[in-house]
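Consider the two complexes below, in which chain A is the common component and chain B and chain C are the respective partners.
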Partner chain A sequence: MIKKDKKDATSKTYRGPWAELWHRLKKNRLSMLSLFILAGFMVISIISFIAVETSIGQKIFEGTVFDYQNVVGQNLKRTLEMPSSDHLLGTDSFGRDTLARLVYGARISITIGLSSVFTSVLIGGSIGALVGYVGGRVDNIIMRMMDVFLAIPSILLAIAIVSSLGSALPFLILAIAIPSIPGFARITRAAVMTIREQEFIEAANAIGASNIRIVLKHIIPNSMAPLIIQSTLSIAGAILSTAGLSFIGLGVKPPMSEWGNMLSEGKNFITTDPFFSLITGLTIVVVILSLNILGDGLRDALDPKLKN
Partner chain B sequence: MNDTLLDIKDLEVQYVVDGEITRAVNGINLKLKKGEVLGLVGETGAGKTTTALAIMGLIPNPPGKVTKGNINFTNSENMKIDICNVNNKALLDIRGSKISMIFQDPMTSLNPVMSIGDQIKEGVEIHQPEVNAKERAKEMLELVGIPKERFNEYPHQFSGGMKQRIIIAIALACTPELLIADEPTTALDVTIQAQVLDMMKDLKIKFNTAMLMITHDLGVIAKTCDNVAIMYAGEIIEYGTLRDVYKNTQHPYTMGLFNSIPSIDKVEKRLKPIKGLTPDATNLPSGCKFHPRCEFAREACREIAPKEYNLNETHYTKCLKVEGCNEYKESRVIDDE
Partner chain C sequence: MGSYIFKRVLALVPILIGVSFLVFTIMHLSPGDPASLVLGEQATAEQIAQKREEMGLNDPFLVQYGNYVFKYVQGDFGQSYVSNRDVATEILSRFPNTVTLTIASMIIAIGIAIPTGIIAATKQYSITDNVATVLALLGVSMPNFWLGLMLIIGIAVPVQFIPTGGMKVAYTLFGNIKIPTLGSIILPAITLGTGAAGIIMRMTRSSMLEVVRQDYIRTARAKGVSEKVVIRKHALSNALIPIVTVVGLQFGYLLGGAVLTESVFSWPGVGRYMVDSIKTRDMPVVIAGVIFMASVFTIVNLFVDILYAYIDPRIKAEYKKG
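So, the complex of A and B:
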């Protein structure tokens, strides 16, 4: 029997793959800043949800920027004001508080951004994993269908879906999710096909693991990295698409606020009162930039070649 | 009571790629008793790994197919199964619990994102749900000489030799009756090789596991095996006990193998390698498949495929010269064309 080599057993700290990812991401300050900003927006959205949708929340947040009355309540005496103590970011052309409208808009954007990406990861990922593992004719047929989707410009596809189904929230989510499904399917398929040929899959076969078990426990965890990166980058795209749809009047309808329809409103007086458009545009830029930086940071953290 | 564990009869495996047939295994017969260690030796491409995969029922299909023969596996509960003709469900039950396999490269045979403990546990969870898998996994770790505190670590935190020991732990976690080791030491350096082989030997005795040791290293065979089968172009051309094959080598190919390794007590200026290359499995030579490379080849070798010729009860070979048949004696030596 071999002597036990205990020498490094106790001194070494070991982490699981997630802890390891977090540890490496922490070293990247810009990514952490982005994460912080995004977390801030998340918190604001959640509070906004509580303040608008629950009766207790309505009482607690009455009169604050989270109050729905501030989002839609017009005051035509005080239109297009610059920042002041009662309107921290000024007002729009109907005299509504810009901050309140941005906060409410954050909630819409983040809800749509997250849930549409979640939907497309789920659908696209499953399709990709399936065809990547099964291969052969199934792969060919399904991937050609995906190619057809890829041939249609995503914003056109989204416009077509929204104009035929209507612009209720679930349809908006669907409209933004569907065009990005083929992308996720391709990425997952490529990852799965590489992993499938690895020897440890054969080894898993050799201990009698069933196909479902192999896909769920061995293949999917190993093909997560590209999916995670693509998701963060896709959320940014989804938020932009939402804003784009609202900008052209197909997304969230006034008087509800959304960043896209706020920008659309602002363009009418951009030459005389640019502040309103500027602050709205900046909010979008900050969120999108943070998401992209976080995505980059995650890619670096997940890249085994850049270890340590 | 029959103590045969594995009985391979006339097994043929072919791969069909783009209409071209690759004849990887061409009618091999093998018997393996309980607790026996059989060495399967041969050059790259001789069909060793294909044979192993066939026993596991893991020939990738397509392109591979078992075209003939059967593999009878009889376990201790006297359950008889022909691995070539059972459904997938039964195969899943056998793999890992009755027959296990160790793969060649320890670096790639472990899932990089799963802790090694979980990987050892997996087989036990699948096949023996009544057992406390975590405890068993820890036991196995200790058994292969890795402290059980490292249960939650990941493959990249281990060296190559340790990884191979972990793979052995995975393979033996369900105490299989047959362990197929496909070149278990090829990827390791020599000192680690010796460690791993010693350990496998110990564990083999402890669990009374039969073993099929696939390698191209004659030294490894000499160290571990009871019986040896020499494979060439998908056929077993010489079979016997370790003593038969090593001390009373008959087949010219086997002799060639021994001549290509340096001997410690002979002074030799040059080794004598076997001339030529392994034949292309899509286009095997007629007659004796070794004749184009054989120094004793005569014209009869081109036409007649040699049959198994028994030298004694345990030792057989497939060679016309050894057989000493008339056709061989009467035919001319092949001139170089």
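So, the complex of A and C:
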């Protein structure tokens, strides 16, 4: 109660934690811009999905940049063109529309980025929550195992996984997810261990709440903040790793377009058409920069030290 | 201190065993049959069966792993499936090149990041600070292989004495440590170092900002100590602890991240050797390469931890007590 009164004294309205977070984030213009850009890429990816995978979408978006024919359709008479009204961002060495390939690549990168981070949050978060709550020997053994994963640079671990299992999409997602599991486990564990000691958990225990209820209803919601920040930054890392793996030929394989393998192709004709590599790379930079700025913004908004 | 170092070195053993086990297991899941890979497509079933026996592939998994580690610690990383050469010799001959590249990029990263971080922190919210912060964020957000490509077309193509790739040797030390020419290392080093520079700069800035707000800094200023001395002696030496950790961690990451940079610039290091080997499915090289680099990474981190104890008197004191 006291806490709430104090809050009421400084800001007239009392907001829930999520509304409070949104309120603070809204004040940060750069973060809002990043959020807007990322939302744009999300929308593009969703349209691309509809345009390629559904029959209605194929009809509606026929002939537009979302048309899969533009992504894979070659035209050897019009290779390495500079931007024109036909091809807004020019063409690549097979005469394929660069914009269409970037759009399709956005969908691939975002899909891999989101699903690999989702996987590592799910696995890492559960491990962290479990060992943080249980503690003792289980904690010790599992965290030592996590140390082993942390001892391998993430790109090397990812390389090892795809070079062994192959680079089919599920394996690629796994290869990018596995190296970040220990990070999520550590963060969740630390958060859970702090929260476990707090009075409201004791209170929940006292009124007879079950362990599962305490973890699900009290501990997980209260330890979300650091996980959200880490997730945002991890999506950036995942997209970079995907691009990196594809660049060295271990990730998404042509003719499917992905930003990393586009750069790998662009490398072959970089002296004759540097624009292609420039624009492809800039697309990656914009997305990653937005994710990093948003991550920073979220951290500032969630940081209790900066409250008030 | 001796007991601290001993304890840390001892803790390294289970990690290294774990790393090798993990990598070996991952590689073991690979669907291909190594024996038929070695013998090629024309091999008969009998030949393959014989080869499998020879290579120990019929042994239980743990026995295979045990044999591998036993050989590994003796410096025998096996033979390449493709060239039949000794993998250990191949990796060790390339390793100095990777280290040279990593050190060069670290020098660039530290040289740019720490001074910029300090300036940004002492002039918080100034234009300099904003520009530096944005540049640092940009450095972190750039795929380093793309930066490499841009540097190649932007600098290496127009500038005569900077090659677009490869390593030109200026001197050779002790037989196999090659010192490259400045022209051939500068672009790969910038490419590899930019991300690290961004991270180190951000850390330096936030760590300095935190220290500058402490009471003892106010005390020093109140005593009339000049601003230069306050920043250099009182603030920096205290802000250095988290910076050293990040630098150490980055050093390890750069060793791993060198894989991509080496591919872009055809740098003759371990990373590029591994990438080439993955393309030819040369598994012994991949396994040995990953285990080797992960071991180096772990050992570098250990050194950082020990260094940390030397810089941070609190850790030293803890170990003196008990």
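Criterion: the second predicted complex is superposed on the first by the 295 of 308 C-alpha atoms of A that agree within 3 Å, B and C clash if a C-alpha of one lies under 4 Å from a C-alpha of the other, contacts with A are read in each partner's own complex, and residues count from 1 in each chain.
One rule holds for everything that comes next: a contact is a pair of C-beta atoms (placed from the backbone, for glycine too) under 8 Å apart; a residue touches a chain by one contact, two chains touch by 3 or more.
Owing to the predicted nature of the structure, the values given are computational and were not obtained by experimental measurement.
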Which superposed partner A:V43 touches (first chain B, second chain C, both, neither): neither
A:P17 touches, of chain B and chain C: first, second, both or neither? first
Partner chain(s) touched by A:V138 [first = chain B, second = chain C, both, neither]: neither
Superposition-derived comparison: chain B or chain C, residues of chain A touched: C
First (chain B), second (chain C), both or neither touched by A:E202: first
Which superposed partner A:S210 touches (first chain B, second chain C, both, neither): first
Partner chain in contact with A:N222 - chain B first, chain C second, else both or neither: first
Those residues of chain A which chain B touches in one complex and chain C touches in the other: none
Residues of chain A defined as touching chain B within the complex: 1-6, 9-10, 12, 14, 16-17, 198-200, 202-210, 213, 217-218, 221-222
Contact set on chain C toward chain A in their complex: 14-16, 18-19, 21-23, 26-31, 137-138, 140-143, 145-147, 149-150, 152-153, 157, 252-253, 255-257, 259-260, 263-264, 274-275, 278-279, 281, 286-287, 290, 293-294, 297-298, 301
Residues on chain B engaged by chain A in the complex (per definition of touch): 56, 58, 91-97, 100-101, 103-105, 108-115, 122-123, 126-127, 142, 144-147, 149-150, 152-154, 157, 162, 165, 167, 170-171, 174, 195, 198-199, 202
Chain A residues touching chain C - in the complex, by the definition given at the top: 144-145, 147-149, 151-157, 159-161, 163-166, 236, 240, 243-244, 247-250, 260, 263, 266-267, 270-271, 274, 277-278, 280-281, 284-285, 288-289, 291-293, 296
